[in-house]
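By written order: A, B, C and D. Residues from 1 in each chain.
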Amino acid sequence: MADRVALLSKTRVRVGIVGATGYTGAELVRLLSQHPRVEIAMLVSRTEAGKPLAEILPQLGGIDLPPLSALDIERLTNECEVVFLAGETGFAMEHAPALLKSGLRVIDLSADFRLRDPAVFQEWYGIPHRAPHLLWEALYGLPELTPPDAYQYARLIANPGCYPTAGALALAPLISADLVDTDCIVIDAKSGVSGAGRSRVSVDYLFTELDENFKAYAVERHRHTPEIEQTLSGVAHQAVRVRFTPHLVPMTRGILCTAYAHLKQPVALSDLHALYTTFYGNQPCVWVRPLGEFPATRHVYGSNRCDIGLTIDARTQIAVVISVIDNLVKGAAGQAIQNLNLLMGWEPTLGLPLSAIAP
Amino acid sequence: MADRVALLSKTRVRVGIVGATGYTGAELVRLLSQHPRVEIAMLVSRTEAGKPLAEILPQLGGIDLPPLSALDIERLTNECEVVFLAGETGFAMEHAPALLKSGLRVIDLSADFRLRDPAVFQEWYGIPHRAPHLLWEALYGLPELTPPDAYQYARLIANPGCYPTAGALALAPLISADLVDTDCIVIDAKSGVSGAGRSRVSVDYLFTELDENFKAYAVERHRHTPEIEQTLSGVAHQAVRVRFTPHLVPMTRGILCTAYAHLKQPVALSDLHALYTTFYGNQPCVWVRPLGEFPATRHVYGSNRCDIGLTIDARTQIAVVISVIDNLVKGAAGQAIQNLNLLMGWEPTLGLPLSAIAP
Amino acid sequence: MADRVALLSKTRVRVGIVGATGYTGAELVRLLSQHPRVEIAMLVSRTEAGKPLAEILPQLGGIDLPPLSALDIERLTNECEVVFLAGETGFAMEHAPALLKSGLRVIDLSADFRLRDPAVFQEWYGIPHRAPHLLWEALYGLPELTPPDAYQYARLIANPGCYPTAGALALAPLISADLVDTDCIVIDAKSGVSGAGRSRVSVDYLFTELDENFKAYAVERHRHTPEIEQTLSGVAHQAVRVRFTPHLVPMTRGILCTAYAHLKQPVALSDLHALYTTFYGNQPCVWVRPLGEFPATRHVYGSNRCDIGLTIDARTQIAVVISVIDNLVKGAAGQAIQNLNLLMGWEPTLGLPLSAIAP
Amino acid sequence: MADRVALLSKTRVRVGIVGATGYTGAELVRLLSQHPRVEIAMLVSRTEAGKPLAEILPQLGGIDLPPLSALDIERLTNECEVVFLAGETGFAMEHAPALLKSGLRVIDLSADFRLRDPAVFQEWYGIPHRAPHLLWEALYGLPELTPPDAYQYARLIANPGCYPTAGALALAPLISADLVDTDCIVIDAKSGVSGAGRSRVSVDYLFTELDENFKAYAVERHRHTPEIEQTLSGVAHQAVRVRFTPHLVPMTRGILCTAYAHLKQPVALSDLHALYTTFYGNQPCVWVRPLGEFPATRHVYGSNRCDIGLTIDARTQIAVVISVIDNLVKGAAGQAIQNLNLLMGWEPTLGLPLSAIAP
């Protein structure tokens, strides 16, 4: 724990970002460059090492940044205290063990350390897990649902997926209060296209194929299903089953989840609303909107907020909960910074925008 | 019936379109101008009478059309055999009685004659019905579910709403075969903005408010709910309860419905698919896509098709059915022409495009 | 000429489309399937032979079509009279000679036969021309500017590029009347993304990179420059120099050209407008809009029209002409069908939509 | 000057924002809430006084803000040192005199004080100026072109228009070096729709009318023309004439100007580029991109940067300069804050984002 004390004593932390040219990595760079207590010490890109990041991503042109480097664990260890991994599935489980061994804290934004059970990982991701010994150590960092104490022992934080963030925040109060059937919850989710990442280069993701078009995808199964169920089962202390259908919206950012759950017995809408406002009462990044209001994705564009609106369909006794996030902020880079803040013992929202850009 | 015989003997029909400057009216004009057996004899606009339609809607510039006229029932009677009403709620129930009395056939694209029960109409639309005697006479013209024989006595056809068309076509086979619980069906629908019409001029519908934005609306209740339930209850021969949530997609045209229904008992996916392909086997405007394929709204853009894809979520025993339509074609003007064709005893697809414009 | 007579005597023509799965090819299929005197006899795709086209492009699901075939000149010769080539640059100059030798008429939608001078072709396209002997024979088919008589000898028609169509139609009357300086005309053009085609699969064309984004491209030089200059020089009977800058608009279809030319001497705006209305008086596919009106791309979406609006900037003595087309219709497939109609001696607009889809 | 000294001695400044619910006002709120030396002391809205701003604009939900107030000059005087006016044309010239009299500094984001000549104002805006005595006092605050010294006497700053900002920054170096003809410069500008503001509620600005559509507007004359000419004439020390054509892009934010100017004599491209990099060498908010690179609007989305790329069309001897800004940031609210910083003697970029949000 000595190094934990050493880490906490710092007023500033030096971080490295691995995978800086992807959408999530670039968003980390943008947000961290505005963080008052963070120094971006290293940017790692396996394919573009040597170049300035702004040559590849001109939107980041106004910031002083180190040039892109190759992956070099020794340099990372010398120059950073915390490393964000923003690589594809499989990258983190290959490199996290060595990074941790070097004494670095690791915040992984991929799916590699989100699921506790390596068999479930293999079932849904189709490859065996290469660092299963770290799965139980990894802290699943969904700050509104993760016990604050847990951060004090964390070396490796698994940053949640975008859909699981929006889906679990929508349903956790309902499930926590044991108000709904947990064997057939429906989450109908809609996402902007940036969730697919910058390396998904195929006809299906061309502008001309997605513009003015709306579709479901991965209807038969989507990898975020077990992650949502793991989180909600933890809240419920019993198995929760979710029918999850993601859709692609012709826009870049934003996720909206419409969640449907059957009430076990009648509940007053005002009581349900009170349950939510109480549940998230101390959470600066969740805004339970007033009764009768429902959030739009634009309300959280560029923000680390999750907004929630809800109603009860009296005719079918279904609770309908709508949550929105910016998939690249609260659904990825912003939440990772929120996790960094908690790891460092800082205010959870330090350096994070809570207001959104609209229009 | 004499005039029915007279009507059927015609090789061409002269039609009038009331409300020609709205989105639905303009789409009727565009499609009817390409119909081989229709002559557009009168275009009615209460606000723009005297002008050429292309002055207001330059997209219709390439067509020979009569100028816009004021509403004049005598002229309509002299110059047309069939009148399409594309006005706001309340317009048709005010004018249809006189039009019918003059011997005209009427195809109404508004909601005025869709619900059979005037009390239900008043409950959901907030105004009393002014022509309740016509509610039972009006033929609800959803051609794939309406008995073909019914058209031979029809004087007044109520053209279905856009959501009810997509929702009912998605679920009718499942419900007809009594495979699912009918008390808590979920229809999560997503629509392009043109469904709101051209007269919905408010801040909420500005480009800047909807672009790059996704939201639910009318979450607490939407007027299409009872219409969907009426149709599906008719199929089920028992009451069907639907939880219907519409959303607004930042695009102009297209509706996608994701319908969720609990299977009463396990069904093989191949059997379910066979049920759908059989149910719609003779329907030229419905394409049940091969197993494993799911439709996107762009697949039906500008087309009178409804495409359907489906799967079973084995983990929750929920049947998931996805349907898409172009809300202005199969969801409005195209379906109205399909109804005209059936009224005239012609091929249902005469003059209607079945292929879509993409990209 | 015997076969010309034979061709003209036909009431229907059988056509083949090579490159049917690209955006231009698919648009040919969609439009030709609605043409009253065309039978689509063969669809050729080098990569997808054997499959039904609708399996790859579900939007074409509602049409009866032959399956995709490999390129087989003997079969094309047996089953077709006219072949549309919708391949990449270089394809047509490789295959057109053999097709012509077999007695087929060829309408090429690529750039291969648009420029008369093989040296200019090589300078701008970077590859030597492989069928230079056909460059002078090929008829550049911009119907509003091409002499109608020329079609009667045509075996090979070079279908114009999208920008050259919009740019030349905007400027031809001005230049024909010798009203403007011809050494520094500015064409500032804006295009939807579909002009890039379906095979341009790279990061730059991802939805996420182009959505909510506007940019110029090929600023230093664009291949359509010499084609525009060749056409306008033909109209002027002297060399015309154009500064052409294309931009990419976050939409799928449509081109708008804003052309700027210095008046040699003052002209009354009404005279300029009269010049345009007279110049295009007999052209069904060009609509010179009334003075004070300017076209938007949506006015011609899906239509074979080119709409033109104009004004004079009195302060700088610059004539400003704005033209719009649908790049896939009047800018590609629609114009190719217009050329087919002229080749066959039919009405130029036969089977072509002149009204547009909006919204 | 006593109060100037007093103002400069402050480490924090209290500001009021009049017109806080418009797009420009809301962007001021969002940006100022992140400014380290600003306290938002009053928010004024004539129509929504009494409500929390986040009730009307939920995107601003995460910020502590005073409630909306009615316009009350006494309160503004007591609670603020600087007032931003973000009202419609005509508002500032009505209220600025009293605000200035009360000792407040005023930064006006409307057009009221941009033009020095009241006759020109009346000619282009169609109404007489009501505070012409302030036109010469008002400082036109385009920081890259305004002498830094000028800020020390400023009481009233006229914040430039969005197009004039992008247009003047694109051309100032060329014109300053006397390299081009100044009587027929072409500025072809393209803007996202947010420039129209939140109160432009008409059919023309509906989502359905602008989505997937591109058009020019105000082609005959646009009010920003004389403002651009005034600025460039100041740079040139002689009259400059501009042909300015604005267009509407189906996106929310961003302006791209493509400027065309005839070179008086040949210039090497590298020299032209060096001219620009030198001209803007000390300007943190302008990025002259490397030769061969051209900016896209997304590169400056949410940023206070103006990016510039350029080339010379050797064939026509036209210099082509492309500039991009975010119309609501560098084109409005961000530039107003840059002006505040200069007024206060702070770093020009204090509190302003220079990196952009993409995708």
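Here, a residue touches a chain if its C-beta (ideal position, glycine included) is under 8 Å from a C-beta of that chain, and two chains touch if they have at least 3 such contacts.
Since we're looking at a predicted model, the values are computed, not measured.
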{"item": "Chain D and chain A - chains in contact with each", "value": "B, C"}
{"item": "Between B-C and A-C, the pair joined by more C-beta contacts", "value": "B-C"}
{"item": "Centroid spacing, where centroids are CA-atom means, of chain A and chain B in whole angstrom", "value": "40"}
{"item": "Interchain centroid distance [CA atoms averaged], chain A/chain C, Å", "value": "47"}
{"item": "Distance between the centres, which are taken as Cα means, of chain C and chain B, whole angstrom", "value": "36"}
{"item": "Chain B residues counted as touching two or more neighbouring chains", "value": "23, 194, 198, 208-209, 211-212, 250-253, 295-296, 298, 301, 358-359"}
{"item": "Of all residues in chain B, those that touch chain A in their complex", "value": "183-184, 186, 188, 190, 192, 208-209, 211-217, 219-220, 241-243, 245, 247, 249-254, 256, 258, 260, 262, 292, 294-298, 301, 309, 311, 313, 315-318, 320, 322, 358-359"}
{"item": "Contact footprint of chain C on chain A as seen in their complex", "value": "23, 193-194, 196, 198, 200-203, 205-212, 250-252"}
{"item": "Residue ranges of chain A touching chain D (in the complex, touch as defined)", "value": "23, 26, 30, 33-34, 57-63, 194, 198, 211-212, 252-253, 284, 287, 289, 293, 295-296, 298-303, 305, 307, 353-359"}
